[in-house]
Structure formats: structure tokens, C-alpha cells
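Look for subunit A in each of the two complexes below; its partner is subunit B in the first and subunit C in the second.
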Partner chain A sequence: MYSNIFLPRQWSRIACLCRTVSTVEAQKLPQNSNSSDGISPPPRIPRGPTDILQALAATVGPDPTAAHYKYHDDPYLIPLSNFRKRSYALSAEAGRKAAAWIRDEHADLFTTREWDPPGKKKTPYLNADPYIEAFAPRPIYNDESKVTEEDFNYTIQNALLEDAIKVYELLGGAQVISDELKIKFLQLLCFYNEKEPISMDWVEERWFAANTRERQAATWRLGGLADSIFTSMEPKTPEAYCAVIQGMAKYYQAERAHALAQEAIEQGIPLSTSVFNSLLSCIGFLKEGTTLRIEALKTLLSQMNEQGLTPNHETLTACLRSVSAWGGGKILQQIALQVIAEFRQIGIQPGLSAYYYLLCLFCKERGAQIDILTSILNDLEKREKLVPQEATDTNFFITAMGVCSDHLQNIDLAERLHKLLMKDDNYKLVGDAYKESIYYRHYITVTCRHAPFEKTLQLLDTLVPNVYVPEPSVMEEIIRTLEVGGAGDRLAQAWSQLVIFGHANRTRLVERLLDAFCNCYQYQDDEVKAKIRSAAADILKFGQMAEEKEESGDRRSPVQKLSATAISNIIELCSDVQDKADPGWDIVGEALNKLRAEQAMGVPARPEILIEVAKKAATVGKPGIAATAVTYLADCGFEEALTASVQTLSLMLNRTEEEVQALLQEDRTKLTSALHPSALVVAEAYHAMKTGTTLHSDSSTSSESDSDSSSDNE
Partner chain B sequence: MSVFIKYSKPGSLGAVFNVQVLWRFNSTTAESIRKEEDEEFRVLDILKKKDRQQKKQIRRADIQPDRADRMATDQNWGNVWPGPKTFHPSSVPLPIRQGYVPKGQAPPGKKANAELMKIPNFLHLTPPVIKTQCEAIKKYCTEWPKLLNSEETIEKHYPLEIISSDYCHASPTIRNPLARVVNLRIKLSSLNLDKRARDKFLRLIGDRYDEKTDLVTFIADRCPMRKQNLDYVNYLLTACYHESWSVEDWESEKTEEDMEYYDWNNNASKRSLVNWFLKCNNEEKELTDEEYKNFDISKIPNAEGYKNAVNSLMNDGECDATLKTYGSSVRKLLGLPEKKVT
Partner chain C sequence: MNSSILKLAQICTTGQINQLSTVLASQLHISAPLCRVVSGKYRITKKKDRPLTYEMANPPHFIAHRKSWNSWNTSSLKDGLRRSETAVEDEFIRRFMNGTWHGLVCSEVIIKRQFNHIRVAAIIRRAVSPMKMYFLLGYTEELLSNWIQCPVTLELQTVDSFKDVVFKYI
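Here is the complex of A and B:
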């Protein structure tokens, strides 16, 4: 067939792209398992097709500086906030979806045989070599499609639920289809409750779906397709009963499930173990009251025994699931332990799901502190490998970390748990994006509260921001830890992190950060102090930028304004400069203007800051700023304004306080001519405070005179 | 434009009429220009100043610094760069430079350097990484047989070589027709052949034998699959081998012309020598072919050297060395003096 194919030029060029790999094989190896003769090769070590790849992959460890490999490794494309992470990953997946759509919709585009001689170019089928089922175009079924039972089988096998229903209708309903296919179809319908599942292909969509809070309510479709198929089946086979009962139990239609089960048992139809498992897990929907429920549980188990069924690990999980859902209390805890002990006797070890339910039962938020996690961890650490068995297995790590953080507040256990998660490929048990972020929220919280400072910093460096982006509450926790640890450098960094993570608009966090700045400003190095100052200045600028954006209509939600206390914090930080020409003074001026224009919430908690600033500004030679500060104090009605104005004036005019007092008693008109404009403003403030009247006509001009006056004074 | 210039120099007299016409004409053009201005007067912007100003991009504020800056000095490089990929300056903490520049200048740095992106890099295959990878797959490797410790022993126990090529390239298909070609090599000396069978074998395989390396090479590419070609070369070797051992009737009819080499004993040269020798000893006799063939030349002085010289002249071809030995052996045989070195 290929003997006289001429090789077109591009072929050889393509082939040149990769160097040819020449293999020199020995002739057929002698089939002698004994290699001791020293010549024949020893027998081959058996391995799977991907074993070598997995061994090589195991040599690659985590890289804390890199983002997840699904993102591009480029500073512009590495997502640093939860929102970006989600949208980048889903965008990439949207591209894949578009490609899949084109593949399905225009399958005829992929039928060219590139490597064939001309003339044979088009084929009626997809031309892939090798043909891979997963990459082949999916058939599209609509009202005009001509379908056969084969199509029906295909849709069922691939869990294409809506397509399967469509084909079922096209084929003509229950009468036409063979019993075997009908059972398969019924099982499919019952498993998914007639809802199209998210395809396995869309990894990111499943990862970000966050369907953790599934509704614990009867969502089974009464009178749906599954029900009608079941009723139309005659005679009803055990498989049909099993499928329907499990479906009902899975979607919490407990009463009908139990009724059907009773019916089946009375008719002598054998039921499977998994049917009983599903019945066990929805006892709570059937009976009220702990004693009745426990009784029902025991009856079901003994019924299982009568049927000659041996329980498996899912039975254990189902029992514990039921028990844990019934609330707390000594009795239920006792029952749970009994169940576990009995299953241990028949050689069934509790899995991750079972432990998850145990944790739910024992470690209640308000209950007494019970440390069962230690023994659970002891058991799990002894196991060679954690094998995922049920979907609820992914709940274990997040719950256990929650217990470490809230219930036990034990950093050692948290670290042990984290180590277990990082072992081998246990990380897949973390679940999805939502669970992962909750897990890390608990982990970082407990570390911040209870671990040594150095260790916390180390952990934060490895996790933030590539693995986990802290939510506002965790960020607050981190800021508190940094404040207590006195890491001014890191606090200054925290502001840029807030911006990057998209928390910079959260006023509460920013105020908290500013508080932290002020509290540990005193004992920092000069270099760090400068960093903190620039961070504080940046906060102010960021607020202004956000406001401008709001005015130009770019933002939808209104910008929250910083409180006056926060702004006075900024003022305090930025005024800590000796040089008159320092840009810090500009920031102070801006902040004061902001305060005066009543763009801040409330009044400053510590007016003494402003007094200090006024005095300092006066000494340094910024009378405008001093005047604004004093006027603002007077406007707010602080009593300190009186003394402050006198002190400031004395500094400005270089006289003693008594002289100033005397000066202030003089006639106002006289002062106007004698005093410098900013000094006059201070004097006005003094009088305003004294008389209780405000002179708004002057105060409005004072801010404008700032720049003039300060330049005059120089 | 040209219209305007004419109008500005009415110069000579008597052109009043003309001027008026021109004026009217000019005014209309002015109007039309104004109309255009109302819409938009397009200015030829050769330096593209306007566009350049507009292109001023707003830099995103939330770009983190290169991750290379944050890397620890004792990190495991294999984790950072686990597989082959295009060079990226923000992930490689090395001050690399690349590019051609005039003499005396430093090559451009790693940032925005297309030269670095063009060349394939081996950052994923650093010596420690290779070491760990080897360790990781060691568990799938068996021990090398102890006695196969030299090229000679390997050649002795595994004389057969099969060579085929695998191709890997970016294209819609992973198949490459060239992958079907199978090469089989074996040393002729490792085959169990006697003189006659060897001669037949060589005649059967034609130019597939290389005398210099003593290698027999079969290449098969006529079947579409490698497996088929492999079977085919094995079949070829087996068939040729067994065919060369079987003796056909017509093989006895092999004549002097069919000989693959020159055998002095069978040829006229010996006959002449024997005749000459007998004549010299005055024993003229009529000898049969068989007697000529089996005549013991050790009786003749210096005949052995002559025989070898003729053999090498005929088998190895004419060249200075063979001619020289032939000459000297003839001189010796006839008892002539050595050639004087001139």
C-alpha cells in the first residue's frame, strides 16, 4: 500500500522537526527467565503504559513561586485574586468548549487525509490516526435524526442524558426498546435524577462549580420519566426495583423508596447491598425522634441480614451519615462508636467519609471539646495509601482542618493533617476550588493564632498568593499576626497584597491595616518607616482614584469612604518627616482637605494626632497645613482646639503662649491687618471655638490659601 | 494649489477677465474645502505623532514582580522548570544575554529578547534533574548481563542488528511512512557457511554485502507496517541462508569464467610454469588438466612467491605494489639479477 508513495517535500521537513530516534534492538530475546548465565537478558520487569511517566512526574515537587500549571507562566497572566483565578481558568475552558462545539457541529472539516496521495483526500469518517474515542466528534441528535438502538446505547454509555431522552423519544418510547436497554436507561435516569451532569471533559467547570451545599430536600422528580418507565415495565425485574429505589433514596424521596423496598421484599424480589445502603442513609427523612430512628436503622440492618447480604464499607458510611445527621448527644455518639466497632469486627475499616461523619457528630461548634481527630489521624497515617471510595471523601480534609482551627485550636494536629494531605497524591482529596479555599482559610487562621511567628511567615510565603488567596477575614487575621509580630516591612507589603487580591476597596480591612501601621510604627527601622509612609500615602491615593472612577461612571458599586480615624492615621504616619520639602507633607495636606471637605466618616478617635501635626507643621514651616488642622479641630468641636490654636500660633509667631493669649484678646480687625493669612485662620478658629460660632466664609477660603501662604513663608 | 499661484500673480495687464474667472474658481474650491473641514479635514501625518500619543498604554498596577526575584537560592530547579518550554525571562533567575551586536557592546539582556525564545533550551535537563529521573526509573530497569562486558562478546552472542526509526512531529497524524522501514544487519563471518555456500550466499544477496565491514544489510520498506517489514527481512535472511546451503545440479557446471576469484592452480599461468620447468629439466611430458592442477610447485625454486604474486595481481587488481612484487618474483624465478635502484 505504501510501497510506491512518493514522499512530498513537506513530509521530510516535518520529519526533520524531530530528530529520528533510531533504535537498535537485539534479536528476539531468549525466553529464559534465568539470567544467571550472564548472557541472556533477565526477564522484563512488568509495568503499565504510564508507569514510567508517573515515576518521572513524581520527581517534580511543588514550586511555591509559580502559579498552578493551568495558568500561563507570565507576570501579566498569573492570576492573583480569586476572581481572576476563576475567570482565567474558565476562559481557557470556554476556548476548549468552543473548539469542541466546532468539532461536533462541523465534523466534516476533519475528514481530510493529509498523508494520502491526491484523489483520496476526503473520507466519510473522521480521520484521526490513531482514532481516539474521546476526541471524536459527538453526534448531534435533533428531531430529524434517524436513530437506532445503537445510538441509544451510545448515549447511555456516555451518560449523555438529554441526548438519551431525545433518542428515546425518537425511537418511540418504552414499547420499542429492548428490556436490557430499558434497564440501562432507567439506571441512568435514576442516577442523575433526569438532570444533565457536567461533562467529565470540563475539569475547570467542575473544579469551580462549588456545589458543596447540596440541598437536603426531596428533589426526586415525582411522575417523571423514570417513574413512568418503571411503571410501564412488566414484569418488574430486580434491577428495575434496585435502580428506582436507589434513585429515590439518593434524592431524598425516602417514604416512597421505603415503600417500594417493602413491596419488593414482600414479593420476594432480591435487593442489592447498595439499595440497603441508600435506604440506610435516608432514614432521617422517614422517622422523627432519635429512638425511633435508631430502631429503624437496626431493623434495616437486620433485614439486610435476613436477605443474606453482607455489608460493605458503604454500609458503614451510610449508617454514620444517618446518625450524624440526627444531631448530637451522647446516645448518638455511643451508637456511632458501636457501629464502627461492629464493622471493624467483620473486617471493614472506616474510610475518609466515615471519619468525616464522625467528626461532624463529635466536634459540634457549641459542644464539649472532644479530641477524636488525634486517633483518626493516627489511623490514617498508618495506612499506606488513601484510596478515594466515595464522593463525600473530599469532605474529610476540609472538615478536619475546620475542627483543628475552631474546635480544638491545635496547631500540631493541623500540621499533621496538612502533611497527610501533601503526601503522595492525596491532594486530589481536597475536592474542588471552594473546599480548597475553605481548607486553607482554616489552616491559615489556626496558624496565625497558634503557631510561632516565624513559622507563620514561612507558611504564608509558600501559600499566598499562588495556592491560596486570603479572604478578607483571613487577611484581617494575617494583619493582626503581623502587627503582633511587629513586622513592619510585611505590613507595608500587605497593602500591595490587598490591592492585588482585590480587597483594597474593603474599608474595614484598610482601616485595620492603618491601625496596625500606627501601632507598630514607633519601633521600626528608618527604611521600613519610609516604606510604611509610602504605603499610607498610596492608600490615600487609591481612595482618590476609586472616587474619580466612580464619578466617571466606571464603577457600579459606590465606593466606601475611609473613616476620619483612618485618615488621621495616614496624617500621623505621613507627617513623621523632618524635611519641609518631603512629599509626605503634600499627602498630609490632601488628607486634611479630605477631612475638612467632610469626605470621611465620623470624627477622628484621637484628636491629639492632629494637634501634634499642627504644631509640627508650624515648626517645619507649613503654616497652611497647621491652619487647616486647627480649623478642622474647631469645626468638629473638639475642646482641644483652643489650646491647640494657641500653641500653634505661638509656634508660628515665635512668641510665648501668654503673648499669644493677649494677642488673641485684641480686636479682630486689627489682627487682620497685622497677621499672616494662615495665622489669621488659626486665630479665627480660636475665636470660633470660643464663641461657638463658625465663620464659614473664611474657612472656605482657608484651604485655597494653603498653597499661597506656604510659598509666601518660604 | 496651482490655481492659487496663478491668481496671486495677475502680473500683466489685460488679464482682468481671466482673473475673475480664476477668482470664481478659487472661491468655489475654498468653499468645498470648508465643507470638508466641517466633516473632518484629514492631515497627512507622516511621523504618526497622533497615533503614538494615543497608544500610550495604561500600565496595570497589580502586576507582580518577576517570580525569579522571589526564588530561594536553595530551591529545586527541577520543580520550577519541570518540562521543555520556551524561555521566559520572569521565571529564569539567571542574567542571560544573547544576540548579535556590533563589537564592543554587550548583547541584549534576557527581557523581551526574541533570540532567547527562538533557540531550544535545555533548562529542564540539568544534571541533577537527569540524575533524579534516572533514579526514578531505575526500578523498571533490569541488570545488564554480566558476561556481556565487551563489544566482542556482544557481537558474538547477539550478531543480529535490527534498525528502525521512530518519528515524532507536529501534524494531524502521528504516523510517518518512514517508520515502516526496517534494516537488518549481520556480520557475514557470524553465519555458519562453508566456502561454496558463502560464495553462493554472496551471489544471492548481490550488493547487500560490504566487504570493508563484513556486514550484510537487508532493508525492507515494501510493506506498510514495520512488523511486516521485520518479518520480511527475517524471511530474506533465512531464505538466503538455506538456499546457499542447498546444492543444485547445475552448480557442477561452474566454469573458469564463473569463478568469483582467480585460482592460480586452475589457470594457464601454472600450466606455463610447469611446462617451462619441465622443459628446463628436459622432461617433456603431456600432462592432463588434473595433473597440472595437482602439480607440486614446491619442487620449483621460488615458485611459491611467483604464485602469490600472480594471485594478488589478479585478485587485488593492478597497482604499483602488486606489479612490483610480480616483477621481483619473476626475476627470482628466472634467476635474473635484482632490479637496480636507479
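Here is the complex of A and C:
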């Protein structure tokens, strides 16, 4: 019964197998363009395992309206300042590290994995199927561990430097280990100079590490493990020489590297191209003076030629790196151009690093303006793809943007460069967080200074705050641009941005913003004016909050106080209201009290503001504020206080100025009974000022200290 | 349950033994009546002050009508794989979330599985600083994915207080 069913089933299976085999075959066969039946399928393109994912990813562009995908998409968890961006990303990574630590410490617990098919037999240890390396516990090596050469190989393969050294010691040192592993170990030690690198797993830590420029000094560990392993090796293989020389050259132990290289050449040991590359890049540490250095460079190159080595693009970069590190000047620039021309002849195009060093060499801060960036961009734009080849490639974009902004001050070039960075997945060439922020700092600065206003606003809207949060210096630049453009609405927004970005405690910036407010307040719509007023009021409140915090001891660094000029700016803005009941007057009152209590730095630059405010307050019906303003002016010893007090009084009492003058000459006791308390205060300010100035009539200008003392004397 | 036992007795007496296996397989019910009346429902309190979220306010028979499932996977479909394992893992994830985000989880923990990827969603109270939340986020994701051996992503939403998720009081 069963056999009946069995055969056709098998048949269909065999047919299916045949079909698949034939399709596989068809795919594998190279296709001729003209086959017999006229159908010519295109030849098969070999695909990698992640090609489809990459193709899918390429369809999604960057979205500047959303936070970076590493942050959680929730209003509470989206960072809006540089500090928060950094700390959130690193916090998440710290959590990940904690989990990894638990996994490694309790590796025996992380073993169960009931994967499909369900019936699979379990073993007592590690049931993961498929076994996924990334999720498996990492071994921990300590003094008690039993280790084998396999462990040693594992640590070397995964660049676990400290673990590798531990295992090496546990194994019993150089005598026990096979030569192949010894070479590998030596290479690892030389590459990292016996310093544990940040693991590849910790992406954020690497991103925020900000090891901007490694120290250009001989940091090679003399007499370290690498040296001792090298000396213990007998006979010394070419690989060993190559590793040690490259390590020494990489960490600027130039003399010993060169000596070792000479020794190797004399003994007839072949050296690799990369050894010569590394030697080329540390010539500057060997010789002094441009001519000697150039000579050494040429000798090394000809030595390379003698050894029968063809230079590669790294040779070009190494040459340029050396040349650019030797300072500037015509001769070096000539040399650099010669080198590039010669390498072009043998078919080696300069990469991003080479261009980076060229920019360093030609575009000095205080040199003549040389525009080599245009031709570089022409070349790079023609290329189909920018392939990262060396670690220094990431320096190109930041330096080029710096050149656009400081050296050439050319917005067109900056835009071209930015377009190049945004093309395909070139954005990975931006480097790390530090470089990225510098890149955008340059870009925004040059845009603010040289681009049309509309375009600047557009750029700011795209970049701020998700892609880039401006630093204080850039913020100042932005405020200046907005002020010149007369965008009052945006200036009012700028205050809330300052608060969000965490710059609100920077007094200089806030004062600059207040200045900008005042300068473009006049020609704004009423609606915008109201916004600016509320922003100014908020600035005052923010300052008070910060001070209260300081008093309660929450803050460690002392709060810088706003200058009197800035506060008088706030007063000017907030007093621009007609209604008596407007909350603006309360702010004015508070600001004046602050001024009087001497909680501000210096004296106002424009006392006429306060006079205007006093008069206005008197007309509107706020005698208290008018009195405070006049008294403060008198306290500060401004000459204008006299006329101001008279004018204010005349407005308060609704009399002509002459009448007020006459009134003021009267006896004080009489005034006390006759006048409103606020008017009395103004009158007293008048008297204080008058006596104060008469006291110091010999000094032509009543300086601040003089008037202070005089008001103290009263 | 009573009725099925009665049926069983009937069948035994009539001697149709060969039908027994199918009956046993299909008609053995456990606590079915209880399920209809009590489970998944909340008792009304005297003071009517028991807070319920939307999810709690809708009894189980509203699943797929007014509310949705708390676990999304294909293990309970025909020929689905890893049924018990999935259930146990889900329970582990729920307990782990409630313990790690202690006193912060305001809703049911929703577990969605797609391919080898597990997405865990929940509503979290904003009782700790964002920095601590990010620490917990990274910790939970990494530990769970190491434990279950597949990528785990947390999809959290935050609310100011528990009151924000209260649908009604009973």
C-alpha cells in the first residue's frame, strides 16, 4: 500500500532536485550575450551576506528631524544638548557593559538555549544552536586559569591585549610558545604598543573618546615585552623585524627603528613595503632641518627601490605626512607636489589622507591664501566612491571644512564639500563625535558669515538640534546673523534654544542675545515684540532661579551675574507696554530692585533707558518703579539723574518742570507731608544727587566710586 | 468538565473503546467554566478606587476586538515551533522587565517576535533620570539578548505618572 505512494513522491522529489540542480548550474554558467534562442539572462552577480541589507539601507536617507537612531524615540529620552547626547549614549553603553560583565562572570548560567527543533538533546554546557559568538560568554583569564595555546590564539585573534599577556605569562613565556604564535603575539604588542585598545564592541565609547591628536612623542615602550620577545627570538625572522620596526616607527621611536632597519638590510633580511612606509613617516624625528630631512626621504625611497619594492598609496601618504609635519614654505610645498606627480605617474592616486596632509601643508593659518581645495574637490567628486583606506582619512573632511571657513572663506566650496560628505555612505568618514562637531562648527560659521540669510536659516533648521548642537562660539555667530537679518522671532526662539542646549548660564552669550534683542526690537511686528518681551522676562527669571539654586547649595560653580547693561536692556524691552496692568511692569520692578541691590556687574552703559523708563512709569501710573529708577540713577551718580528726577516729578505731579524746580527748593519737612511717598523718594534722589555732585564739583566727571561713596555718606 | 466525564462514562459503558482516544484528546477540559467567569477580570472594589489601565479594563473576550495580544508570535499556529519555550521565555522577559525597571513599568509588557528578533514594549514612569533609563535600557537589551541568544530591542514610552495610564476606576 505504501510503496504505491512512495514512488511518485520520490519521483516528484527527484524532479525537484533536478530542477534546482539545473538552475544552480544555469546560474553558475557564464552567459554568452547571444544564445541560440535569443534569450540572454544577465550573468550572475556574486552577493555577500549583507548586500541586500546594505541595498535596503541605502534607500533610507538621513532624517534630520529625528534624533540619531541610537537614542530612544521618546520625548523624555531624546537628548537636546551636547552633554546629554554624550551622557545618554554612554549610559546605555555602560548598561550594556554591566550586562556583559554579568554574562562573563556567571558564564555557567548563560548556557541554556532551547532552540528548534524542540526535541534536540541537551548537553550540560552551552546548548546554543547555532552557536553565536556575539552572545556567548567571553572567557576570563586570571592567575588560576588553566590555559592552552588555543586560548592564547583566541586572545590574539580578538586583540585582547591584557588577556594575551596574562595567558602568555601563564603558559610560561617565550620558550614554550610556537614560533608562529610568537610572531602573532609580537605583532599584536607592536601594533598597540602594549596598551589595551578600546574593544570594538563599545561603539559609543570609541565615538566619544575624543583622542583628537595622539601625542607626537616617542611613546614606544623601551625594554617592554615586545622588545624582550624580539631579542629572545633566534633566529630573527623577517616578520619579527617588520613587526618591531613598524611598532617603533608608529610610536615615534625613530632612531632605533632606523637602526634596526639598517641592520636588517645589512643582514640581507627582506623588509616589507609597510616597514618603509612607517619609516618614511617618522623621518622628522630623525633629522633636523628641511634639507637633511628631504635628503633622508629621498634615500629611503631609493633604498626601497633597491630592495625591489613597489610603493603603494600608503607610501604616498607617509611621504606627505612627513613633509607636512616639517612646517610650511615654498620648498616643502614644491616637494609635496613633486611627490604627488611622481606617484600619479606610477598610477597611484592620492587618497583622502594624502589630501589631508596637502591641505595641512598649503593652507596655513597665517600663510598666503592658496586655493588647492577646489582642484581637490574636483578630483574627489569625479571618483565613484570614496573608500576609506587609512585611519587619517577621517581627518580630511574636518580639515577641508576648516579651510573653507577660516582660510578661503568660501561658502560655495563649503557646500560642495558638505554635499560630498552626504553622498552615499561617505558620512562614515566624518570620524568621531569630536570631529563631527568641529566639522559642523566650521560649516555653520562659514554659512553664517558668507551665505544668504534665507539659506543660513534653512541650514540651521536642518542641522540644529538633532544633527548638531551649536557650541557657545557658534551660537554667538548665529545670534549675530539673526540680528543682522532682523529675525526677531528667531531671536526670541534663540533664548529657549540657549536654555535647552545648556548655554543659559553663559553670561556673555545671554548679554549678547539681549543686545541683539534691543537692536532689532524697533522694527518688529507687535506679535514678535511680545515674544521678545517674554523672552527677556524669562532671562531675568532664569537668572533668579539660578541664584536661588546657588544659595541652596545645589550648584558647585558660582553663578555669573548679568551685567547692569544687560539688565537695563531687559528693563527697556519689558517697559515697552502701554497697559498699567501688564506683567511687564512687574519684571521691570524686579529688574530695578536687582540693580539697586547691586546684584549686577558694573553700571548701565545707557542711562537714558532708565530715564525713559522712569518717565514712562510715571505717566502710566507706576510711581514706585519711577522712583526706584531715578534713585538708582542717583546712586550710580549719573549726571542725568538731576534732570530725570525733575522730569519724572513733573509727570507724577502733573506740573510743569519750573513748578517742580520751585517745589524742590522748598524745605524738606514740608515736602514730606505734601508729597506722595514715591514722589518724595524721587525728590530725595534729586537732593542726594545735587549734594553729591556739589560735594565733588572739583572733579569734572563723577566716577562710579565717587558717587558710590557719596551715596553711602548720605 | 463534569459533562465530559459523563460522556467518558457513557462511552466506557457502551464499549466503544476505539473511539476513546479521540475523545480523550479533544474533550478533556480543565477549569473552562472558571475561565469564562473570573480569570482576566478584576473585581469591583467597595470604594470603586481600583485603578485599571485600558488593557486591564477589557476582559479577555475583547482581545482582537478592543484590545490586542500581549505576546505576538507564531508558535501557537499550526505546526508552530517552540510553544512551551516561547511561553516560558515570555514569562521570563516579563518578570525580568518588572524587576529591572522596578516600580516603573506602568503597563503590560508586550513581546513581539519577528524572525529571530524580539521587541519588548512597555510604558515606563518618568521616575528616574533619562541617564539611568538609558543605563537600564542598555542593560536590559544586552542581558536579555545574551540570555535568549537573539537580538532584543526595547521600545519604551514614558509617561509622567501612573495616573496617565489609568483608564477607569472600579
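To be clear about the criterion, the second predicted complex is superposed on the first by the 633 of 714 C-alpha atoms of A that agree within 3 Å, B and C clash if a C-alpha of one lies under 4 Å from a C-alpha of the other, contacts with A are read in each partner's own complex, and residues count from 1 in each chain.
As a working rule, a contact is a pair of C-beta atoms (placed from the backbone, for glycine too) under 8 Å apart; a residue touches a chain by one contact, two chains touch by 3 or more.
Source: prediction; values computed, not measured.
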First (subunit B), second (subunit C), both or neither touched by A:74: both
Touching partner for A:579 - first (subunit B), second (subunit C), both, neither: neither
Subunit B versus subunit C as contact partner of A:132, first or second or both or neither: second
Touching partner for A:52 - first (subunit B), second (subunit C), both, neither: first
Which of subunit B and subunit C A:61 touches, first, second, both or neither: first
First (subunit B), second (subunit C), both or neither touched by A:39: first
Winner by number of subunit A residues touched, once subunit B and subunit C are compared: B
Touched partner set for A:288, first subunit B, second subunit C, both or neither: neither
Which of subunit B and subunit C A:91 touches, first, second, both or neither: second
Touched partner set for A:103, first subunit B, second subunit C, both or neither: second
Subunit B and subunit C footprints on subunit A, overlapping residues: 74-76, 114-115, 128
Touch list for subunit C against partner subunit A, complex: 81-82, 84-85, 126, 130-143, 145-150, 154, 156-158
Subunit A residues within the subunit B interface of the complex: 1-3, 5, 7, 11, 14-15, 17-18, 20-27, 35, 37-45, 47, 51-52, 55-56, 58-63, 65-66, 73-76, 78, 80, 114-115, 127-130, 499-500
Subunit C-touching residues of subunit A, taken from the complex the two chains share: 72, 74-77, 79, 84, 87-89, 91-100, 102-103, 110, 113-118, 128, 132, 135, 137
Residue ranges of subunit B in contact with subunit A within the complex: 60-67, 70-71, 75-76, 78-80, 82, 85, 88, 90-91, 129, 132-133, 136-137, 139-143, 145-148, 153, 157-158, 160-178, 180, 221-224
